[in-house]
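Below you'll find a set of structures to go through.
One chain, subunit A, links the two complexes that follow: it is found with subunit B in the first and with subunit C in the second.
Then we have the complex of A and B:
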């Protein structure tokens, strides 16, 4: 499933301009070192964190999409970094579990 | 002797969370331009990123040197920070002295150094309390298996 399709089906609006890559897996974490060690290419990363190092770590791990939960919004320079990397940046009003349920309903395992 | 293709040194400023992660991003861009295998780039990227973050959080100031030869990639990070008294303890997964503020940002999982070691073919960490820490990591481009 493409980033744009996943966003549309979960009702998310994009914060930045992104490359519309394929999403194959999900990783949920708020810890940077855990994310960098465990997230894989073509993943959607679901997290609470909004700072630059998180984007850098997700980018390194090959993530295609980041969903920031609990209604948190990234700052402008974080959005600028996401633009440069091509990662899709989204904000979701409810918590990680609520978003995880949506992903399960879309067929992610 | 392996032929040296590239050598570049970056300065890392401590406590500079604003630009944390930029040097490792630059390292991965350089390696992409050299057409290095994506799996190798990921491993070097993890090493550079975790070492960079440790300098930002604990050591104040450092240089990161990237050396690419025709058979390996070397990442060396030398800082002038407080040093590490017990390296064996620092290497243990889960051990961390991160502040509450750092933990809130998602650091302090105690996985940085173990991540670096896991992604290196050759790894060494030397430190002298009060003088600084030197981390040396080699990732081979050719496997001799």
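Then we have the complex of A and C:
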């Protein structure tokens, strides 16, 4: 499933300009440094972090998409860095569990 | 038999704290990784230095293992990675950042003693393996990264960048 398709099916609006890559898996963590060792390429990362280090780590992990939960919004410098990496950046109003249920309903396991 | 065409994967993942200390008397800095549940904050004397705790951040350390030859590169001398945003073209890292294309980013591998009093930094073997690992991982998704040792920075304390650490996740509210 492409980033744009996942966004459309879960009702997300993009915060930045992104590359419409294929999503293959999910990683949920609020620990940014953990992404480097644990997240895999073509992941959607679900987190409540908004710091620029989130993009720095997700880039090394090869993530395709980041969904920031609890309605939190990243600052402009974070969005600018996400634009450079092509990672899709999205904000979701509810918590990680609510978004995880949507992903399960879309067939992610 | 020719040299191995390494296929690196991450191994020996360790969770802990990146702890920074400073010397009261000369201003030197050092950092180390602590796997303790709570990072050490004691002051202590060591030779001419009197080290005091400056701060700590949660982080993850790892090594790299080759799937082809089973060789392991010990990355214990890497205390963390920092995305460089250096704009100083007189700095080797800044010059490299300036040369990169829009789809390429430079990361600095931080060694335990970023003032490099002995000239020692992250091993060249470690830097080479990190570059091979991340380039192989990111090439299929069209991204490029370059990892450089922190000894290439003119001054790591003044360098502009974003360290990949977690701040405040375990602080008592």
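Some notes on this structure:
Following the convention adopted for this analysis, the second predicted complex is superposed on the first by the 109 of 109 C-alpha atoms of A that agree within 3 Å, B and C clash if a C-alpha of one lies under 4 Å from a C-alpha of the other, contacts with A are read in each partner's own complex, and residues count from 1 in each chain.
Keep in mind that, in the parts below, contacts are C-beta pairs under 8 Å (C-beta built on N, C-alpha and C of every residue); 3 or more make two chains touch, one makes a residue touch a chain.
From a predicted model like this one, the values you see are computed outputs, not experimental measurements.
Look at A:9: by the touch rule set out above, it reaches neither subunit B nor subunit C.
In the superposed model, A:73 lies in contact with neither subunit B nor subunit C. Shared-chain residue A:101: touches no atom of subunit B or subunit C. Contacts of A:32 after superposition: both subunit B and subunit C are touched. In the overlay built on the shared chain, the residue A:53 is in contact with subunit B and with subunit C. For the contact definition in use here, the residues of subunit A common to its subunit B contact set and its subunit C contact set are 30-34, 36-37, 51-53, 56-57, 59-60, 62.
Across the complex, subunit C is touched by residues 19, 21, 30-34, 36-38, 41-42, 51-53, 56-57, 59-60, 62, 64, 81, 84-86 of subunit A.
Across the complex, subunit B is touched by residues 29-37, 47-49, 51-57, 59-62, 77 of subunit A.
Across the interface of their complex, subunit A is touched by residues 10, 13, 15, 58-60, 62, 80-83, 102-103, 105, 107, 134, 137-138, 140-143, 145, 162-166, 169 of subunit C.
Every residue of subunit B that touches subunit A in the complex is listed here, in rising order: 17-22, 24-25, 28, 42, 45-46, 49-50, 53, 105-107, 109-112, 115, 118.
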